[in-house]
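What follows is chain A paired twice: with chain B in the first complex and chain C in the second.
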Partner chain A sequence: MVQIKRLQEDGIDTLAIIGEIDASSSIELDLSIAKSVGEGYKKILVDCGSLEYISSAGLGVFMSYIEEFSDKGICMVMFGLNEKVANNFSILGLSDLLHIRATKEEAKQLINELSI
Partner chain B sequence: MFSDVTILFSDIRGLTPDVPVWLPRVMFDLYVLCLFYYYKFKIEREENLNFTDLLWQVFATGLVATVISLGLRLILFLLGDTALATNIIFSDVVYQINLALFLSFLLAAYTSWKRLILYQKSKWLIRLWRVFEFTLLFALLYDSLNTTLNGTLGTVIAVALGVLGLILSANMKWVAYLNFKQKWTSLLLLLLAFFYLGYFFYTVTRLSDFISIQSTSFLDFRSHTFSLSIFGFVIVYSLFSFLVILFNLPTSSVFEQKLEEVVNYQRISQSIQTEQSEESVYNILLESSVSSVFADAAWLEIRSAAEEDKLYTYGITEQEAHAIRNHLASNNVKGILDQSVDKTKNLSRHLGSLKGARFRSLLSFPIMVKGESIGTLAILKELPEGFNKEMTRVVSTFANQAGISIENFRLLAEAFQNERYKEELKIAKMVQKSLLPEKLESGEGYEIAAFSQSADEVGGDYYDAFKINEHKNALIIADVSGKGTTAAFHMSQMKGIFHSLAQQELEPSEFMVRANNALAHCLERGSFISAIYFVIDTKEKTITYCRAGHCPVLYYRESSNAAEYLQDKGAALGMVKNSSYCKMIEVNQVKYKQGDIMLLYTDGITEASDPKGEEFGYEKLQSILIELRKKDAGEIQDGLISRLYEYTGTRNINDDYTTMIVKFK
Partner chain C sequence: MSYRYNIGCSLSNLKGIREFIRTSLKDHDIPELELSAIILAIDEMCSNLMIHAHHCNPDHHIELRILEPHAGELVFEIIDDGNVFDINKFSEPNVDNLVHEKRKGGLGIRLVKSIMDKVEYINRDGKNVCVLTKGI
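This part shows the complex of A and B:
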């Protein structure tokens, strides 16, 4: 089960993921990102502080946006990943493809730098 | 038996003292008892007798008895006024024969009446009947001892029998089960029975009158409590039956109607077992509804999402049905035959304004399946105000039952479909199993074991081996993201890619680049495959590998007696669709020595959780490998899997899990 909360400030759309993302809940994640993109946000922060587990299907969701983001000039930065989740990202080689930071401040800083 | 009696009696007339006085009475009792048991076995034991058959048996017995008696009468008539005809002994013989026939008829009727009275038994009724029967027996014995009719005991017995007989005669439940025709037959048969009773009573009374003028020492039935009682009982019950049947005649059609309703109801509910389609359920519903309420026509409109609405009609053409529908619609009658209606409605008053229509009454019922109206049943009559509340209730019950039948039918069809899918999945499972190698190509100097299990029928884990040349062997382990059928399809694609690329003696990185190119256009958005491709060179004793997003290799080195995860980078296949992929992977090489072990696995193993939700994890895997290091590949694999099951407490792990173990010798 997963709960995704969206918060918009300073032109940045922050998605807070709370819970676990498996095959079925990955659809919800996909919808949330698509919504954010659809609303025209160029800066997206993903708060993974409360993300307890992510399955390969969930990783696939992030992966599937990589090309679309680079085409549209959208920046997405993730932060607050716990060790296990971060490990999943790095094993898959996604940590090189996605921007991942430890804290929200770092993430914000990065996203502002990237979008200049 | 009765000839015995007559002979004895005639003897008594002439030679009175030769035989004891009590003998004729005892013989009489014996005769009655014999008849009683004869009919008991003949009539009571017969299983398949219906009510009219029972009455027919009584009638037939009466007929035979009457014919014999009339035959005697004819002989008497032919004898005229001869000495024999006026002879008291001869008269007594005739009397005795008639009495015997009369009793035989009475007992046949008695036994049949018993069956009718006890048709719907209750404990109380059976007890009462027993008392009645024993009182009759007592009366019979009493008669044999005492010749006087005026004895107080005799009167008491007679009164008791009368009361009991009357109470028992009130049991007329069987009458309700006769249909109209059977009631007429029963009336006729009872009427004839009355005739026989009257005839015999008259004959026997006349004869005994005749004899009693000359002698009093004969067996006069009129002084017999038993004979009179049984005669009285038979007459009373026949009379009651006759009257009850007669008065039930006008209402019998209602009862038959109810019975037909029950039968129709059963037909609808059983249609699920016998009928092949929903259509037959609809047709049965139409027929049953029409026949149960004497309607003239009906139609049934079934809405279906996929197809056009279907109209089933009975006694009405589709045009007429549409005309009525349109008329009601144009008159803006709310919620009528449109499908949204969920209540039974009487729409008769709206029909009055439709010109040229034959029908003057209309009822509409919704047909509900799973709380949703799937159609409407409309019942029509040519008479105005043709439906009463009872009819509405009946048809509404039919409509409900039809709804249940259709629901069951759909569930059954669904179950069949599911069974078919299961079968298909079984086949898919078999096919997939054949995609994984039964025996892995092992090279010189190492042994190899592998195990794979899917969470669902089919899964996305893959492992394989291929002999490139004499001293080079290719190995692969791969895991398709997600699980189930989609993953299984991609897994088979991966197998194709492995077998076509491995034989080209490619560098592991080149293998991954080409595999990524091939898969980039096959995998759907968000899907990827993690894999590791190895080339084991037994001549150089090296393992060259490239990891594409797969779980890192766990490598045990005997020299240092330690197991470590090989650290390297590499993105999964299918994630990056352009040529930049080659920069995201790297090739690594390990020199192996004897005793080294390489453990490959998919995330199904490390992420398998115990009942508390704690994952199996990397460290546990490490320690198990060190623990089992001395064993050969197959034993390590078995040990690992059994530890895994021990940990999770079940064999149904939520993801596909695979392990491949290579041990160098």
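This part shows the complex of A and C:
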């Protein structure tokens, strides 16, 4: 069960993920990112502070956008991952393919640097 | 003492599987990060089986057993009577290729093989038994 809240601020679309993402709920994440992209946002922050669990279904959603973001000049930075969630990303080596920062401030700084 | 859990093949039951494993193993002093990775691997195996062998039919059931930890080994059995979905027959996809092809699937098998030490398949009493072993 997952809930995704979106908040737009200073041209940045922030997606706050609350709960768990597994094979039953990864579609929610996919739809939220697709919506943000569809609305033309070039800067997307993903707040993982309340993300309690993620399986390969959710990891796959993030991965499936890497190429599209690169083609469209969209930057996505994730922040606030707890240790267990971060470990799931690093087991697959996805930490090197995605932009991940500890805090919202660091994530905002990076997204602004990357968007120049 | 072993632990058993019967589940209908609906993806909404994955959360129950994760809670079952966590509750069953809570007194076994498994480091939190390691336990979370093990839970992830079993979630991946069960969701694969539900999707590929049972087409998410909630009337089909699988059984998850956790055998009593012994000699530093944790053994899980996933029992069903669908078509065998043997992950050893699938090559692990290269992550760069998945990114390039914008594929969302294919990571689960890689996760399971990275986390568990051994994944074997046997037939017992006409049922498929997937045996997953992890040293703790």
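Rule of thumb we're sticking to: the second predicted complex is superposed on the first by the 116 of 116 C-alpha atoms of A that agree within 3 Å, B and C clash if a C-alpha of one lies under 4 Å from a C-alpha of the other, contacts with A are read in each partner's own complex, and residues count from 1 in each chain.
In this text, a contact is a pair of C-beta atoms (placed from the backbone, for glycine too) under 8 Å apart; a residue touches a chain by one contact, two chains touch by 3 or more.
Remember, predicted model here, so these are calculated numbers, not experimental data.
Applying the stated clash criterion after superposition on chain A shows that chain B and chain C collide.
Of the two partner chains placed around the shared chain by superposition, chain C is the only one that A:Met1 touches, whereas chain B remains out of contact.
In the superposition on chain A, A:Ile91 makes contact with both chain B and chain C.
Once the two structures are superposed, chain B and chain C can be ranked by residues of chain A touched, with C on top. By the document's definition of touching, of the two partners only chain C reaches A:Ser24; chain B does not. In the superposition on chain A, A:Glu83 makes contact with chain C only, not with chain B. Once the two complexes are overlaid on the shared chain, A:Val61 sits against chain B and chain C alike.
By the touch criterion stated above, A:Ala102 is placed in contact with neither chain B nor chain C.
Residues 23, 26, 30, 55-57, 59-61, 63-64, 66-67, 84, 91-94, 97 of chain A lie in contact with chain B in one complex and with chain C in the other. Across the interface of their complex, chain B is touched by residues 23, 26, 30, 55-57, 59-61, 63-64, 66-67, 84, 91-94, 96-97 of chain A. Within the complex, the chain A residues that touch chain C are 1, 20, 22-24, 26, 30, 53, 55-57, 59-61, 63-68, 83-84, 87-88, 91-94, 97. If you check the complex, the residues on chain C that touch chain A are 11-12, 14-15, 18, 32-33, 36-37, 40, 43-44, 47, 50-51, 95, 98-100, 102-108, 110-111, 114-115.
On chain B, the positions that touch chain A within their shared complex are 479, 481-483, 525-528, 530, 548-552, 569-572, 575-577, 584-585, 603, 615, 655.
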